[in-house]
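Two complexes are shown next, each including chain A; its partner changes from chain B in the first to chain C in the second.
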Partner chain A sequence: MKVPECLKGVTGVDIQGPGVAYSFDVFGITINITETVIISAVIVIALTALVLFLTHDMKKNPEKKRQVIAEWAVQTVDNLIDNTMGKGYERMAPYIAALFASSIFGSLVSLIGLRSTTADYSTTLTWALMSFVMIEYAKIKADGIGGYLKSFINPLNLISEVSTPVSMSFRHFGNVAGGMIISTLLYFALTGLSTAIGLAVPIFTIGIPAVLSLYFDLFSGFMQAFIFINLTMIYISTAKSED
Partner chain B sequence: MMMDMSSLEMFCKALILMGSAIGAGLAMIAGIGPGIGEGYAVGKACEAIGRQPESSGAVTRTMFIGCAVAESTGIYAFVVALIIMFINPFIGSL
Partner chain C sequence: MNLSFLSIDVGTIIFTLCNLLILFWVFKHFLFGRVHKILDERQNDVSETYKKADDALEHAKSLETEYTGLMENAKEESAEMIKAASKKAQQRSDEIISEAKSEASAILAKADEDVEREKKRAQNELRGEISELAVLVAQKVVEKEINEADHDRFINDFIENVGDLK
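Now for the complex of A and B:
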């Protein structure tokens, strides 16, 4: 029986980094426009459109459902910041909410068959460096520039300082990339199992991966986004309350 | 026995690939540590919720953050294994 190519399933383990769509040179440095960049840009545009739609035509007394949803989202983020960081950090809300939204959409985009943007180390490293700059700014603001430099007399502090963005970015990247690799291996194994018992079409790959996807895509994606913003908030709020 | 240059190179590459695969496997032994640590943390959180059911929200939130921090070493090992498997730095330095 002849089986069309698209029904053969996953017949080889092919785990690659994000594909390069277009690349150009600027002063001898090659700049690659990768899959991640394009998908991130689409996510940014989609989120902007969603926010503009939710906050369009607002009334003092909410009449439409979308205004209630928008108010609920803002209220949730404000409460989270209040509970985790204490009073006086209301200005952090837009940054935290934006980080959470881009992280969760970047992970969940794998549910519609695209490559997760957070399975690329560039994305998580960028976010971790952004958070790192804010943490250091909070520390300098709390201690003054002299007090901040004085804390580096003990060189171990320097190591713990540098390891903050590294561990934050590796954690997020490792969880999402690990889930991606395990899903690929599972598809490969189920295809092999179907072929081994003589089925031309790999029917085992229907349904079974969805259970794992529930954990690796939905739960893990949500959890990592939550942990990332929580660590950012905790680091920033402890910068002030120490000593 | 004399080997010509290309087959010697082939042999060296095979040796490096073998060592890399074993190294990646050994690196993932670090997965034991976070497993034990997170299990202990979750057990303690269950105890705390059993003692004070009304504080289950705060306990669960703190537990997840602690688990994420405890997971770091496992994730480092995983990243090392990924680097060895997919962007092998040793083949290039042959």
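Now for the complex of A and C:
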């Protein structure tokens, strides 16, 4: 990428996908152990440890703050499902919670300098496909296999069905990845600006990106995670009432 | 080495799916399962406590009714007892009074009798003395005019009377 004269300090802006740490072939398919895989595994391990810590040694009369936190989390998710989906979907709670936690922590790892797992399209596509399977399963369960297939007599329905996971995955990916790109660009721009006015240390890069990351990492991360689980819940709960 | 920015990687998809399912399982068993168990236990405890309180209230109410009934009965019983006792006392006093009356009348009757007897005795005594006196007076008056038989009889009577008197 050619850098304008005023951004002399910038040697290049390179926005790439996740790095590959290790790769091997299984039946001719290349399996990559990428940054995303490692970070999401670390997130799962950390969340498991957190859950085990929070729910360890719970008492009927809570003695420890961590039990209160665990109960609050569970009841919040239960209430959310109750309000959004209605009765009869209590079994969805752990899945919604897992999706939300994966999404939120996958986005927030960028705060400690790691690459967001949600800035990898494979991740959001997997979640969207998982939700898609559950939505279609709910529809088949509600209408029966015949009624489900009959709905595709109108080909527009097929398009709308397929567009659901595509739009969900691209919305989430696009927001996080876009935020990442803007942050990177801004960082380089500020570095270039610092160099252009003759500063030895790129002083502009100290405070300003942090303010921006407050929006792109914290706010947008929460928003996208919330939107994703809400869409999943709404699609599944409306599967019953749709014709 | 990096993947391209917009890539769909099979390995990432498989691992992400596994991660999601593992996290789902962990949440289901160790977060939701455990917390729901505790919440249910607490709920049961609360309902049990409420039930116990309700039972205790019911028990207290039934006891209250029971005791109120008992109190009512006791009141009635005591009133009856007082009534019976006063009745008995009245009866007894009546008895005593009538006994006393009859005793008094008996005493009076006896006193009358005594008086009558005394009177009779005094009359008899008086009569004897009067007849003696009459005989003596008559003797003095009619000394020789009394026939032999009458004379004898008078003498004998006199002797007898004197003997009696002696």
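Annotations for the structure displayed:
The rule is simple: the second predicted complex is superposed on the first by the 231 of 243 C-alpha atoms of A that agree within 3 Å, B and C clash if a C-alpha of one lies under 4 Å from a C-alpha of the other, contacts with A are read in each partner's own complex, and residues count from 1 in each chain.
In this section, a contact is a pair of C-beta atoms (placed from the backbone, for glycine too) under 8 Å apart; a residue touches a chain by one contact, two chains touch by 3 or more.
In this text, all values refer to a predicted model and were calculated from it rather than measured experimentally.
In the superposition on chain A, A:230 makes contact with chain B only, while chain C stays out of contact range. When the shared chain is aligned, no partner comes close enough to touch A:68: not chain B, not chain C. Note on chain A: of its two partners chain C and chain B, the one contacting more of its residues is C.
Using the contact criterion defined above for the overlaid structures, shared-chain residue A:127 touches chain C, although it does not reach chain B. Once chain A of one complex is fitted onto chain A of the other, the partner contacts of A:149 are absent, as it touches neither chain B nor chain C.
When the two complexes are overlaid on their common chain A, residue A:167 makes contact with chain B while staying clear of chain C.
Of the two partner chains placed by superposition, only chain B is touched by A:175; chain C is not.
Using the contact criterion defined above for the overlaid structures, shared-chain residue A:15 touches chain B and also reaches chain C. In the superposed pair of complexes, A:212 makes contact with neither chain B nor chain C. Across the superposed pair, chain B and chain C both touch chain A at residues 15, 17, 177.
Residues of chain C that touch chain A in their complex: 1-17, 19-20, 22-28, 30-32, 34-36, 38-39, 41-42, 45. In the complex of the two chains, the chain A residues touching chain C come out as 15-20, 23, 29-34, 36-37, 40-41, 43-44, 47-48, 51-52, 54-55, 58-60, 67, 70-71, 73-75, 77, 93-95, 97-99, 101-102, 117, 120-123, 125-127, 130, 177.
On the side of chain B, the complex with chain A involves touching residues 61, 64-65, 68-69, 71-72, 75-76, 78-79, 82, 86. For chain A in complex with chain B, the residues that touch the partner chain are 15, 17, 167, 170-171, 173-175, 177-178, 181, 223-224, 226-227, 230-231, 234.
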